[in-house]
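Take a look at the structure below.
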Amino acid sequence: MKKAAIIGGTGYGAIELIRLIQMHEYIHLEKIISHSQHKKQLYSFYPHLTNFIDDPMEELEIDSLKEEVDIIFFATPAGVTKKLIPKLIDSSVQCIDLSGDLRISSREQYEHWYKGEAAPQVALDLAVYGMPELYKEQIKGARVISNPGCFPTSAILGLYPALEQKIIQPNPIIIDGKTGVSGAGRTPSAMTHFSETNDNLKAYKIGKHQHIPEIDQYLSTAVNEQVSSVFTTHLIPMTRGLVCTMYGQLTEGITTEGVVSLYKNYYESAPFVRIRPEGEFPVTKDVYGSNFCDIGFYADKRTNQLIIVSAIDNLVKGAAGQAIQNANIMNGWEEGHGLNSIPMYP
Amino acid sequence: MKKAAIIGGTGYGAIELIRLIQMHEYIHLEKIISHSQHKKQLYSFYPHLTNFIDDPMEELEIDSLKEEVDIIFFATPAGVTKKLIPKLIDSSVQCIDLSGDLRISSREQYEHWYKGEAAPQVALDLAVYGMPELYKEQIKGARVISNPGCFPTSAILGLYPALEQKIIQPNPIIIDGKTGVSGAGRTPSAMTHFSETNDNLKAYKIGKHQHIPEIDQYLSTAVNEQVSSVFTTHLIPMTRGLVCTMYGQLTEGITTEGVVSLYKNYYESAPFVRIRPEGEFPVTKDVYGSNFCDIGFYADKRTNQLIIVSAIDNLVKGAAGQAIQNANIMNGWEEGHGLNSIPMYP
Amino acid sequence: MKKAAIIGGTGYGAIELIRLIQMHEYIHLEKIISHSQHKKQLYSFYPHLTNFIDDPMEELEIDSLKEEVDIIFFATPAGVTKKLIPKLIDSSVQCIDLSGDLRISSREQYEHWYKGEAAPQVALDLAVYGMPELYKEQIKGARVISNPGCFPTSAILGLYPALEQKIIQPNPIIIDGKTGVSGAGRTPSAMTHFSETNDNLKAYKIGKHQHIPEIDQYLSTAVNEQVSSVFTTHLIPMTRGLVCTMYGQLTEGITTEGVVSLYKNYYESAPFVRIRPEGEFPVTKDVYGSNFCDIGFYADKRTNQLIIVSAIDNLVKGAAGQAIQNANIMNGWEEGHGLNSIPMYP
Amino acid sequence: MKKAAIIGGTGYGAIELIRLIQMHEYIHLEKIISHSQHKKQLYSFYPHLTNFIDDPMEELEIDSLKEEVDIIFFATPAGVTKKLIPKLIDSSVQCIDLSGDLRISSREQYEHWYKGEAAPQVALDLAVYGMPELYKEQIKGARVISNPGCFPTSAILGLYPALEQKIIQPNPIIIDGKTGVSGAGRTPSAMTHFSETNDNLKAYKIGKHQHIPEIDQYLSTAVNEQVSSVFTTHLIPMTRGLVCTMYGQLTEGITTEGVVSLYKNYYESAPFVRIRPEGEFPVTKDVYGSNFCDIGFYADKRTNQLIIVSAIDNLVKGAAGQAIQNANIMNGWEEGHGLNSIPMYP
């Protein structure tokens, strides 16, 4: 049994971590830390937690924290982790960062897209990108995990095999992203105001989304050349769920069946990727509340394009679930421990 | 470990049972039975079940079934259970019926409200009303459980203590019910067509709802006189969740705080009833995906009325979750086994 | 042709007034006034207005305004109108106030429920309650209109005839209100945050809603005695639409058909009240985007209660549409001018 | 004043035509024809029409109909128009077909994509594609209009100028379509069942959508070579609204500002196309209930792609509104007559 702390206790990432840790037999949630709301009860913000979490939230004291717990989940806004991680360098505490602070290896790229100073190099050097389907070995030995972004999880899992196996051209790759509103977090804004969001569909951050460099960094790895993906994002009137619909030019006359077979092989030891048979595409409810990434394909002979549809729950595989999956791998537990429940449907 | 079968495998009740049984350590789902879809794979209708259920659905053969399993969950449309139960009288199989067939003890009342012949008397005599907060002792010894309706679960849990303790008058009791659309099941209809239901609110079955006699039967028990509740139902543009807002005339000058205290005592050994403190009312998301019934109160001095708001997830505490809770009690397992996960939020 | 100004240009009330005035042949929208956003273009907040409104919003200058326009619509937050109206006493400008400032005739009641100082007595004395179905004659001669609240519009239109005609008892009257989220306005908050509101149902302001004294004031008028209604409100995951489901004890053995007939007679000269035949109840989409109030009934012999379901679009009949209807009557135009379009469906 | 009939009275296309015709001063709706529901009242299916439509629906008698009305709107399922139009060849009645029967000029293409026999050649020869922004002159002289599909309206208006002006390559063109559920019509199905559709996003008909040949036919016209677009469709949990997000490779170093300017010029005499300034993209609510097509752009230097976002209300500009626009042009009325109301917001 390992002891864990969550920093950033009042956001949706933390709330989903709490739900998942409660189903985990080897992690005990020792404390929930919130700078802005410490001493308050989490159930006063989230009554659904009544009877589950009785201790009040605590103020962050990083020096004692690293002695008290074995794992720290950073469910923090941009910019917090990069300040805290350096103080944990000399400890043995496992750090899993759900923010974007450690995702971009190029400091210039980070500063261009995130409009802020990059994390200290020592933190970037320690951080392993926590996408278990691609980097399980590195995660096993890591002490600091940079947990992937929600769109990058869907996009990279959907594109990586096709790019690496060279069945599609690396440029142009079009990624049309669609997400539920919970990805925008818990802070109210005009963008997420019910009356403006319900029965509405909004394209947003076109050409400016901070997930672009993250996606490109890993797609480029797949092909050993620079990939500059075309990535757009759309806000969908639903709470959870995220789909990337992706388009790449086929390099050869592979059929849909062939693509399905290739992906099934590629992900045969990945318990959370489910490849759909020819003719089927995932819907977001297929993965609701679960850690799955479901992927479907159409190899379009007419246009010579491969169409890939990749669906996740943005709060689970796109955030808290993947963080738990990383914790499992780091600690030698079964990769899916605590994550094996059936998606909630309908 | 007990073996279970679900009859009625393609409805939402069955799907929720499957989700919950997968988290249960003492129940093994041996077979899923569907008359209309036998030999087909359940995941062809419900792709979210991919990797979870691999055996095809089976045709019902009641004589062999009662030898093969220990528990049968009837997630069937009205009228099926009453035909099947008599064939199981002489077996030791535990039967939990999620339909309304066995809920009404008066044959006349059943026939008036359900517009069909009542179940055989032997079946009615065997059936115990599966509301553990009120009838735990009877459930312990039962072999046939009539699992409560969704609205009755919310309404009876909300009203019973106030009526029994005589802090409100038994007549008139107003119950204004509001439910998500999943309560209407999986069969498409104009009533549940997205374009007609989204951004819309519909009052329906006013004065005609078959849950009326069920509610009255148990409220009457509370007060030892006939209660004729005024019950209306409204379809809300949400998938899951059900609230009854209830109104009864106060008999004495009890405060909201006093009511809260009374209910906390009444339900102190009921793990799935959460009483809200004064000034708070539950929302349906507080119980989303969980077996909780959350209840809030306002004792209105101005009008001398007690207002009670009682929220459940119609598919869990209102159906499959309560069925598992009953199975736990019947088998001497912890009442909440397999049902202790945190509600999904947001 | 009369010239109009709207004060409070960036709220939903103003936006709906703009939509309706654009279809009105006798009102010209001269200026849109916004204290917080003056000099800015309204279409920068509301791109749907592109090509319709080209002049920037203006700062309020009450002395010149009263010379420049014939009608002022106050689509302002609580507390603004009561300060401005006294400055318009000596002018001939027509004032239609969509806020609650002038709705409560008792200063004590106002101060109890609204937690603020009541409007100057001179303003209260001038104000006529703008519910044309009940007070058309008074509206004809009025210069200041207090436009009714959204819930009171639905509740009073639904209950007034039954109370006045004494077919139900005046106490207790139960009013269970349900509203779409647009009624909460455009300012983002946790209450209206999409992720917290979607697929959710919230009871709110139980026992504390400021529409209670407004409803009671006019229901008491109907019966010449004090009515203290039991009124609750629920937030529904939809943008527009409001229903009150109401319950009163029948005084005599009237049938549903009899009630339908009574209401049809009562409202025979009211173009925006549509009485449903026996067995039918309105849904909010029946009145979407329109000025109708649709009402259905069930006289329940079993419980001796009359159930009334009254549906409006909270932004039209519950706000801007009723304001235009009042303007029409004040100016001798056809009551429904500019308001006769078919509800939008689906 | 012209007399009109609608064939196919109970579908959403007809209902939206009825709403729009009621605001039209030069069209009188003479009769509503429904084969399946003739003699019934439309308001029995659509209570929102109470007080608006009092005559019952009629059976189709094509020979007398062509004498009785001046305009026939075909709001019919696939396959009806192609049988009826030949019987109207010798009459002078104006025919506006909202179905897809006459949209595809190549019989082979039609039969490939629509899986049925193409319309008689005489009907295809008469039909003019009713997209006024491109074919206004042909529409003026037409007697038979093939009203464009919803996705093609959004896609072609968004892409045509860029292709014709050769600022993007004709291949590959990626069109990622997203639509509200009302586009699927009024017949209930699993696809449109609320519980399966709410809080969900579904890719559907990938590679198989019958709008593909329609889009390609007109995009090919723009460039005088074969365009084979990559087109996908996604069902969004909203009632109305449709967006195409489109991607094409830039042929030259044009800026976003340059594209905006080009489109503003191209559509300067098109009253229903609104080009957004640089940095802004339309949301579907911007056009809700209106005949507008709003378009925004991003010329992405990083990837050398032009991203185009084009939003319509699928039932208005994507169906009934465009049909009225065509009727206006055919009859020499102002192009926007009856269509000039402000979009409904929120």
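Here the chain labels run A, B, C and D in written order, and each chain numbers its own residues starting at 1.
We adopt the following convention: a contact is a pair of C-beta atoms (placed from the backbone, for glycine too) under 8 Å apart; a residue touches a chain by one contact, two chains touch by 3 or more.
Since the model is a prediction, treat every value here as computed from it, not as a measurement.
Of all chains, the one whose mean C-alpha position sits at the greatest distance from that of subunit D is B. The interface with the greater count of contacting C-beta pairs, when A-D is set against A-B, is A-D. Computed from the mean C-alpha positions, the centre of subunit B lies at a distance of 46 Å from the centre of subunit D.
Mean C-alpha position of subunit A lies 36 Å from that of subunit B.
Between the Cα centres of subunit A and subunit D there is a gap of 38 Å.
Counting partner chains per residue, subunit D shows two or more touched chains at residues 12, 180, 182, 186, 195-196, 198-199, 237-240, 282-283, 285, 288, 346. Across the complex, subunit B is touched by residues 12, 15, 18-19, 22-23, 46-52, 182, 186, 198-199, 239-240, 274, 276, 280, 282-283, 285-290, 294, 340-346 of subunit A.
Per the touch definition, subunit A reaches subunit D in the complex via residues 171-172, 174, 176, 178, 180, 195-196, 198-204, 206-207, 228-230, 232, 234, 236-241, 243, 245, 247, 249, 281-285, 288, 296, 298, 300, 302-305, 307, 309, 311, 346. Residue ranges of subunit A in contact with subunit C, taken from their complex: 12, 180-182, 184, 186, 188-190, 192-199, 237-239.
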